[in-house]
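Each of the next two complexes has subunit A plus one more chain, namely subunit B in the first and subunit C in the second.
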Partner chain A sequence: MPEIFINGQAIEARDDQTVMEVAREHGHFIPYFCWHPQLSVVGNCRMCLVEVEGRGLDIACNMPVAKGMQVFTNSEEVQAHRKAILQFITLNHPVDCGICDKAGECVLQDYHYEYSGQRSLSHDEKVRSTKFYNLSNRILLDNERCILCLRCTRFTHEVSKSMALGVERRGDVSNIRPVEDRPLSEDPYSDNIIDICPVGALLSRQFLHKSRVWFLQPTPSVCPGCARGCTVQIWHRKPEWKLKALDQRQNENIARVTPLDNPAVNGPWICNKGRDLAQMFERVRADEPMLKGRPVTVPAALDEARRLIGAARHPVALVSNWGSNEELETFKDKLGEVFHCFVKQDWQRQPGERIEDDLLIRGDKNPNTTRARELFGHAEPDFKDGTDLVLVWGEGFDFARLPPRAGIIFLNSYLQPENGHADVFLPVSIQTERHGHYTNFEGTISAFEPCFEKKPGVLHAEDLIKALAAPARGHP
Partner chain B sequence: MPGRQLIMTFPVTATSHALPEYRARGGYGALAKALGQMKPQDVVKEITASGLQGRGGAAFAVGRKWQVVQYDDGQPHYLIANADEGEPGTFKDRWILENNPHMLLESMLIASYALNVRNCFVYIRGEFDLPYRRLAEAVEEAYAAGLFGRNILGSDFSCDIVVYRGAGAYVAGEASGLISSLEGKKGYPRNRPPRLTVKGLYQRPTVVNNVESLSNIAWIINHGADAFKAVGTPKSPGTRLFSVSGHINRPGVYEVELGYPWMKFLDEDCGGIPHGRGIKCVVPGGVSSKVLTGADIANLKISHEELWDAGSTLGSGGMIVIAEGTCMVALLQVLMRFYHHESCGQCTPCRHGTGWLHRILDRIVAGDGRADDIERLYYISKFNDGTTICGLGDAAGYACSGILDKFRDEFEYCIEHKRSKFGGNLECLRSS
Partner chain C sequence: MKHLVPEFEKLRERFPAGFESSLALPCLRRIQEDRGYVADSDIEELAVFLGVPQIQIEEVLSFYTQFRRKPIGRWHLQFCHNVSCSMNGAENVLAHVERRLGIKPGQTTPDGRYTLSTVECLGSCGTAPMMMVNDGYHENLTLAKLDELLQGLK
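This part shows the complex of A and B:
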């Protein structure tokens, strides 16, 4: 345990640590571009230069701690060098922040304000390069904005292992380029490079010029795309920036999804499916209860459902593994004795989707199979002779498999043909409209929060379950 | 002859590079001596005692580098001869490769024996044609004679060698860039730590030495460290090969005993400056070493210590003589074009700084200079010094500030009058 000094503060460091790591742990911020806690050290941006007594300047990210070393993270020399590094970085940088999606969360912008604020010292023309280079069906590359920190190439070599990116040419005409025969579009983790790019060089096609980031706010959530249950941030329009005219749908839309750094589940990464939650959640919604396809009020639909339940002799429930822990527990508590319950797989693997790997992606494409099975067992849905009522909760079940003469109560969120075939159809809210928790395949529980309001005709499944368990009106 | 000679000891003929003649000159005797009479540790001790300094640029003591390698640490070790020779003005390793390749090979075998190396490498500049063919022939001859392979000269010592041709990047001559390139990657230099002697090629302890540094080993083992130290000066033992070019009557490769008077060397051995012109300045050892004016070197001896005192270095031994009447602005432009072109582009200051230097000089030469350009050139040089992964960024800065320090007036003149004081001339003219 060598003792080192950072800005005069004595710190017990571990032998295997770098000065960068120790400084961060103890609140001495050292600016960096290329360093990343999950990637190997390349030490090329030189932004983390610090001064060591008796040794002069060197980079903190590649500096092992040594007993008694005196490190200064903010000396005059260090400050002058940071300014110079920023001069060099912006020498050929287009500074087109006005049309850059990264503006507002760009490390280069932040550092410029924090450590320089100087005008460019150059009078010469900038080196031009490619803008909007087509890296994949998901990602565009602006080589002029790239500061060659090599985070993206390291990510594809060390984390996603697609080896999809490399550097072409050298010097100030070096360009990040795709590697032949290793298409980035086949890397299911590719979009993480957009997040870790410290500048606006890597651009999401989905998000391109969609919104300034300061109009958006993140809500913590959990990706339901597989049993990993990565924690994510769902970005949506801030209430104070709600559009009052023009495209008001934007107020209710998911603008983008980014990882929520979580060592217990997904670290700082998610897969591209998690980025595409809008495609899943923004399908056309069902917002009216129905009896055999005929729209009715919520109380009328509830009454009919309760009547069916009361009359049934052998009712079966297919419980959704997209239900939250709270909803599943409520179902068990309120209706677990009434129904013979099975866990239903709401989602199956889609064609072309990666089945499973050893980074994040799991073969079970549902978020809460773990808790559902804990409560309702592992048996596959099975309709014994005499099943006279089936409650189907959630999508993905083929109605042709239901017993022909049984009544059907259907709880679903989306507009689907089956809705009209049910005796009672009840629209339920989706994850982005409610609180809850999922239990992932390892038993880790993560919370999600609401981003948007639900529609009036739509019910939260938890309330609905309680209402179904209550005695029917007029029959105490 | 500029003093005693250890390397260029024989008349070059059509066959003097081949094995039989090398043997006739006593070749591979040092290897037999090392394998037969010395323990590996003794070889390291002898080289350390000789005080041999690296000839690749930094003049780092060869023995001190070797001592870092733990003979018995259970890991494979590697030895690499750096034959990339990319420093402008430097072509002295080429002489060894073409004319005395077995001296390098014998020395590498001794070094491999000393450092417990089973596989050694020569990384040779891609543009070298004859040197490569001569080296490849020598390797074949040596294998045929049982000097490489298993149980060399009947001993327990086995060693193989691979000659690897570079693809034409200056930065691949930097020891860690060389290793990246040899591993099949882009020739990006690496940050230290770890030192290459701890984690080098394939993450194993690796010694990289210049061709000329290594070639001295056989002589030292043959004659002993004391005999070596008797040549040269106390702080600069031995000789150095200089490739002399520029405005000089007899350009070429010379072996100079360290401590030899500089002007005597240029005037007598190299035949002086054409057309009887005076010396404006010399680049002492490759363009990455700071220039010295004619006045600076008038009384200097050629040795590491005198050069360091004068604020420069013997560098890579690429000596470029520049006559009176040469335009230093145009010269610096050429140098900056080189560094700009050769920067690997990893580190921020070098990637952008070298291009910035180049563009400013292009502008000054074109008659478009600005009053603050000189200050800017200094700024860029200063912030490349000690802030980069390898020495290329620093070197560009040294070359630039070195010339600015000595010839600032020429730049001021060019900026103010929008033309060169010397007409942009880079030739050695008959009359002014």
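This part shows the complex of A and C:
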């Protein structure tokens, strides 16, 4: 346990640590571009220079701790060299922040304001390079903005292992380039390089020029795409920046999804499916209760559902594995005795989707199978003779498999043809409209928060279950 | 490249296991020596042989300006235009050769005999100006010496 001193503070460090790691752990901020806690050290940006007494300047990311070393992270000499390094890094940077998607969350922009603030000292014209280079069907590359920190190439070599990126040529004409034999479009984790890019060189096609990031706010959520349950941030428009003139739906759109760093589940990464949650959640919604396809009020639909439940002799429930822990527990508590319950797989693997790997992606494409099975068992849905009522909660079940004469109560969020076939259809809210928790395949519980308001005709499943369990009106 | 594989296997023994990508450089040098340049098919075959992605081969190739992706002339004239040579008249001798051969640096004569390049320091500052013709050094260049030399290169 070597004792080192950072800015005069004595710190007990571990032998295998670098000065960068120790400084971060103890709240001494050192700026950096190329270093990343999950990637190997290359030390090419030189931004994390610190002064070590008796040794002069060196980079903190690649400096092992040694007993008694005196490190200064913000001495006058360090400040002067940082300024020089920023001058060098921005030498050929176009400084087109006004039209750059990264502006507002760009590390280079922040550091420039914090540590440099100078104009370019160069008299030479900036080196021109490719703009909007097509890296894959999801990602564009702006080589002029790139500062060659090599985080993206290291990510594809060390984390996603697709080996899809490399550097061509050298000096001020070197460029990040993909290679034909390992297309980046086949890397299901490719979009992480957009997040780890410290500048605006890697751009998401989906998010390109869609919104300035300061108009958006993130809501912590959980990706329902598979049993891993990665924690994510769902970005949506801030209420104070609500659009008044344009289509109101734009205020309730998912602008983008980014990972929420969580060492217990996903670390700082998520897969591309998690980025595309908007496609899942922004399908056309069902917002009116129906009786056999005829729109009715919520109380009328609830009454009819309660009447069916009261009259049924052998009711069966297919419980959604997209329900939150709270909803599933409420169902078990309130209706577990009434229904014979089975867990239903709401979502199946889509064609072309990666089945499973050793990084994040799991074979079970539903978020809460673990808790649902704990409560309702492992048996596959099975309708014994005499089943006269089926409550189907959630999508993904073929109605042709239901017993022909049984009544159907259907709880679903999206506009689907089955909705009209049910005796009672009740629209329920989706994950972006409610609080809850999911239990992932390892038993880790993660919480999600609401980002949007639900429509008045739509019910939260938890309230709906309680209402169904309440005695029917007029029949105490 | 196929016929060089036994040589490459020998080279491989000199590297620790797991460092296959480090073999790219010596293998590429040998390929260029053999063929005169590195063809696209060489890159593909070498990537398969070393078990590394093609981008790692391309990175090495594009980093070192000494690697060539296209065939060059029989005589490769490489003029140093770094400080010492420039101060001793490298521009004059280069201009003279450009006139005589009718090509600019980076070009090859239509008959495929000469390729002209300018390069950085070749470590012979004491005898500037100088150039390399294929693998040989020619130092203390003068216009007369150049004329004589070019006569001999057929």
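Definition applied: the second predicted complex is superposed on the first by the 476 of 476 C-alpha atoms of A that agree within 3 Å, B and C clash if a C-alpha of one lies under 4 Å from a C-alpha of the other, contacts with A are read in each partner's own complex, and residues count from 1 in each chain.
Rule of thumb we're sticking to: a contact is a pair of C-beta atoms (placed from the backbone, for glycine too) under 8 Å apart; a residue touches a chain by one contact, two chains touch by 3 or more.
The structure displayed is predicted, hence computed values, not measured ones.
Assess the superposed three-chain arrangement around subunit A: do subunit B and subunit C clash, or do they fit?
Here the two partners, once superposed via subunit A, clash with each other.
Using the touch definition from the top, say if A:P351 reaches subunit B (first), subunit C (second), both or neither.
Neither partner.
Identify the partner contact of A:R170: answer first if only subunit B is touched, second if only subunit C is, both if each is, neither if none is.
The answer is both, since A:R170 touches subunit B and subunit C.
Check the contacts made with subunit A and report whether subunit B or subunit C touches more of its residues.
B
After superposition on the shared chain, which partner residues are touched by A:S122: those of subunit B (first), subunit C (second), both, or neither?
A:S122: touches subunit B, not subunit C.
Identify the partner contact of A:G43: answer first if only subunit B is touched, second if only subunit C is, both if each is, neither if none is.
After superposition on chain A, A:G43 lies in contact with subunit B alone.
Considering only touches as defined above, state whether A:V179 meets subunit B (first), subunit C (second), both or neither.
In the superposition, A:V179 touches subunit C alone.
Just checking: does A:I89 make contact with subunit B only, subunit C only, both, or neither of them? Give me first, second, both or neither.
Once the two structures are laid over each other on A, A:I89 reaches subunit B alone.
Just checking: does A:P404 make contact with subunit B only, subunit C only, both, or neither of them? Give me first, second, both or neither.
In the superposition, A:P404 contacts neither subunit B nor subunit C.
Between 149-157, 239-247, 257-265 or 275-283, which subunit B stretch has C-alpha clashes with subunit C?
239-247
Would you please give the residues of subunit A that touch subunit B in one complex and also touch subunit C in the other complex?
166-167, 169-170
In the complex, go through subunit C and note every residue touching subunit A.
Those residues of subunit C that touch subunit A are 44, 47, 53-56, 58-59, 62-63.
Quick check on the complex: what are the subunit A residues that touch subunit C?
163-170, 177-182
Name, in rising order, each residue of subunit B that touches subunit A in their complex.
169, 171, 186, 191, 193, 340-349, 351-356, 359-360, 363, 370, 376, 379, 383, 386-389
Can you list the subunit A residues touching subunit B in their complex?
41-47, 49, 56-57, 59, 62, 64, 81, 84-85, 87-89, 91-92, 121-125, 127, 147-148, 166-167, 169-174
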